[in-house]
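Quick one: the structure is below, and I'll ask about it shortly.
Chain IDs A, B, C and D follow the sequence of writing; residue 1 opens each chain.
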């Protein structure tokens, strides 16, 4: 059964320390309210998988000391440039980096979705990424001659976490064309979702809506979170809060500034929630 | 550019003899009008790929002598039982059979969709299917020990052919939850579609509709075909013509009966079209 | 309960095998297993999820034809049903044909997903109403999917039981043999011996397959009859006089 | 045409490289390449398809994040743009960092899809406005994606040209070297030599990058400015005073 009456804090409590957690980029539906709750509960040793990159979520979790390992094709805050806490951690060597490339992350998740141990992939050969990824292997095309491939092992997150516009009481969640969220839910052992609204109708009842819906079958729990993606945006609903993100970017460039940001916007009496 | 002003016969003319043609099962949107046109134009040596099985389309094309190779997980006419022309051809040995299994056909198409030479798969080992499929290989899991796998080569159809409820002037085609049709279009070199109606609005403009839409990017040509799936049904639009299919089933049990069926319903002055 | 129809008995017997599971999938053309899954769901108070292929209402898949197989490979489906043109004593199933492949004398529709799902779904129930030595053979002519696999083959799934119109067999993966579990009312062990082409084990005393109680029968004839009629109207009309 | 802004010159120059193609994709954070692709589309009378990532209106993908990569692997994308924190004379690109990995002194965002798309898309245009010997280096510290590959590596794609704020280079895959194609108005070969960290070839006489004609400029400032503003409002406001 899917529970749709969870509070944000309950979701954060169900994501254990050390979990491998798949997160979308800033444009694809970020459960920011849960990210703040994870920081509040002092989550530790998370292994973040950016699908295929992460933005503010990754930067905040890294800055707050929640992250042990970062597996991603990039960390980016879009137009603002580079993510400050990530940059700092990379320079300090304080987190383990598993630098990847977008299609390899998608392929690894697809392998998990299919229950197969790996997916062969083109490209990558000759990239230094391959030199530093002990978990990737070189292989040969058994259907060709002297045709090297890279073999990407399945990425099976413990948790997929994201935010959607709508979910229903059965845990069905509408994602529209954001199919990478469906891939995450299919691949992960548990999927936690926040939704702008929880509706009473069955999102699978109408085929037009169903076509963009993750079935509750894959969903562990849903919590309602109005403006749950804030300060990043939610496609079709609201734009990013550019002023707030710019302020974050400025504050997060120093350790002190970042701590002040956390105090004001994460630890403060649930201003945002 | 996608052409949406084609006639049925033009689509059939653009599917060459010898083409590897991917077809859906009876419940998933069959371009029956084009199938009849292919028979009328005397198509030869087609290699049918059932995705993952075929029904009436396969039986008719086989009966009419259009098929050299049949690659499918099954040929079935649902409740009526076995497809009569297929059974006859199998007994006669008049077509080459590549018996497969549903997930291997999906995996082969996914490999083509990803531009990779093969996809590893669980299961199948110990099945006699593997003994008869020279194109499948056994492999080992390079990430495990003594963990045999089957390697399924990419299936890249020359043509994907199916029928949908709606397409627009840009060749975008709405398929709802029938994502196997999208997989076919992604995997195939060319995709021909018939549609109940060609609408003037852009199916990608609204994200709710877009979520169930194949972009025109993958579509070679679209022809309007009212009742284009008849006598099989089109989900959400019309049910199969059970009486007609039962009549087909009876007639197709004999060579003479099948020829009479063709004369009455395929060669006759476009009764159905 | 002498007015219990054979189909109702089978529905109830199969439903009992599904109790406590989280997700049961049922393939196309399977009205009795479909009704059984819906019955278990009705009794589970919503704990059991049923994916009835071919149904608009009772399937939750939104990722195309591959989703059933991906879902099974990830361990998200607990039980499934397979049949067979031939089934042998080692639970090998043949959905391809009789005689030498490819030019078989008798041709069946094909293997569908059996060569995958049989390996990956923990509880596969073999279901075939026709119980004759034409179907239940010493050795199948073509193995669409084997009953058991060597230890190194990844195989969390496999045959759990074989349900026919005459009886229920359990399958022992270690011994690679069927054991007669129960005989349906009106049938006998002797009759089953005569109509089964393979050798099997049996206890000293073979129980009768229990008939469903009044409450279960009412549920089958009421709600389940209505639910299954969406996908199998002809079956529902014939068995429950409801369409 | 002295009132042509540098951005407009680059848009027109890149657009010329896309003429005759069927499908151009443009990654996130790429307003100039995005505008160039939209310009080519406008002139192609609809023959060119543009997939502008980050745009709701000018992207046709409906299969999630993987679709761009699958599409490229199938040969359905003719041109794409990549940048680099460092780019070297063999067209290797570095999007990871400067110094020893993983504890780099300077860290860039990461490789994104470069380690794939650079191999598979026939015409990859390297674009980096900053033309200094800090960016254009003799050898990158980290190869996110190599400029060329051994003969046995499947590689239908690779670098076509390098466009900077000062000039355009062509890339020769056989020689593994850049050749100076043209210098933008107001810049000199001497200046390019001084600001380029790698060695490159050049013809005896290096032409000036052509400035767009009045018609093109009007198109850029009109329709293209409006179209690009959907995805890059700040860029459009700054360059075209249109948002």
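Methods note: contacts are C-beta pairs under 8 Å (C-beta built on N, C-alpha and C of every residue); 3 or more make two chains touch, one makes a residue touch a chain.
Keep in mind it's a predicted model, so treat the numbers as computed, not measured.
Peer 1: Select the chain at the greatest separation from subunit B, using centres from the mean of Cα atoms.
Peer 2: Max centre-to-centre separation from subunit B belongs to D.
Peer 1: If I rank A-C and A-D by number of C-beta contact pairs, which comes first?
Peer 2: Of the two interfaces, A-C and A-D, more C-beta pairs touch across A-D.
Peer 1: Please work out the Cα centroid separation of subunit A and subunit B, and write it as a whole number of Å.
Peer 2: Between these chains, centre-to-centre, one finds 37 Å.
Peer 1: Could you tell me the distance, in whole angstrom, between the mean C-alpha positions of subunit B and subunit D?
Peer 2: 40
Peer 1: Taking the mean of the C-alpha atoms as each chain's centre, how many Å separate subunit A from subunit D?
Peer 2: Each chain's C-alpha centroid was found; their separation is 29 Å.
Peer 1: So which stretches of subunit A touch two or more other chains?
Peer 2: Residues 107, 110, 114-116, 121-122, 147, 177, 182, 207, 210-211, 235 of subunit A each touch two or more of the other chains.
Peer 1: Residues of subunit C that contact two or more other chains, please.
Peer 2: In subunit C, 56, 61-63, 66, 69, 73, 120 touch at least two other chains.
Peer 1: Return all touching chain pairs.
Peer 2: A-B, A-C, A-D, B-C, B-D
Peer 1: Considering only the defined contacts, which subunit D positions touch subunit A in the complex?
Peer 2: The contact residues of subunit D facing subunit A are 28-29, 54, 56, 61-69, 73, 95-97, 101-105, 107-120, 142-146, 149-150, 152-154, 234.
Peer 1: Using the touch definition up top, name the residues of subunit B that touch subunit C in the complex.
Peer 2: The contact residues of subunit B facing subunit C are 27-28, 51-53, 72-76, 78-79, 82-83, 86-87, 90-93, 96-97, 99-104, 106-107, 110, 121-129, 132, 146-148, 177-183, 235.
Peer 1: Write out the stretch or stretches of subunit B touching subunit A in their complex.
Peer 2: By the definition above, subunit B touches subunit A via 107, 110, 114-122, 137, 139, 141-144, 147, 149, 151, 153, 175-177, 207-212, 235-236.
Peer 1: What residues on subunit D touch subunit B, complex-wise?
Peer 2: Contact set of subunit D toward subunit B: 23, 46-47, 49, 56, 60-63, 66, 69-76, 120.
Peer 1: Contact residues on subunit A for subunit C in the complex?
Peer 2: Per the touch definition, subunit A meets subunit C at residues 1, 112-116, 172, 182, 186, 204, 207, 210-211, 213-218.
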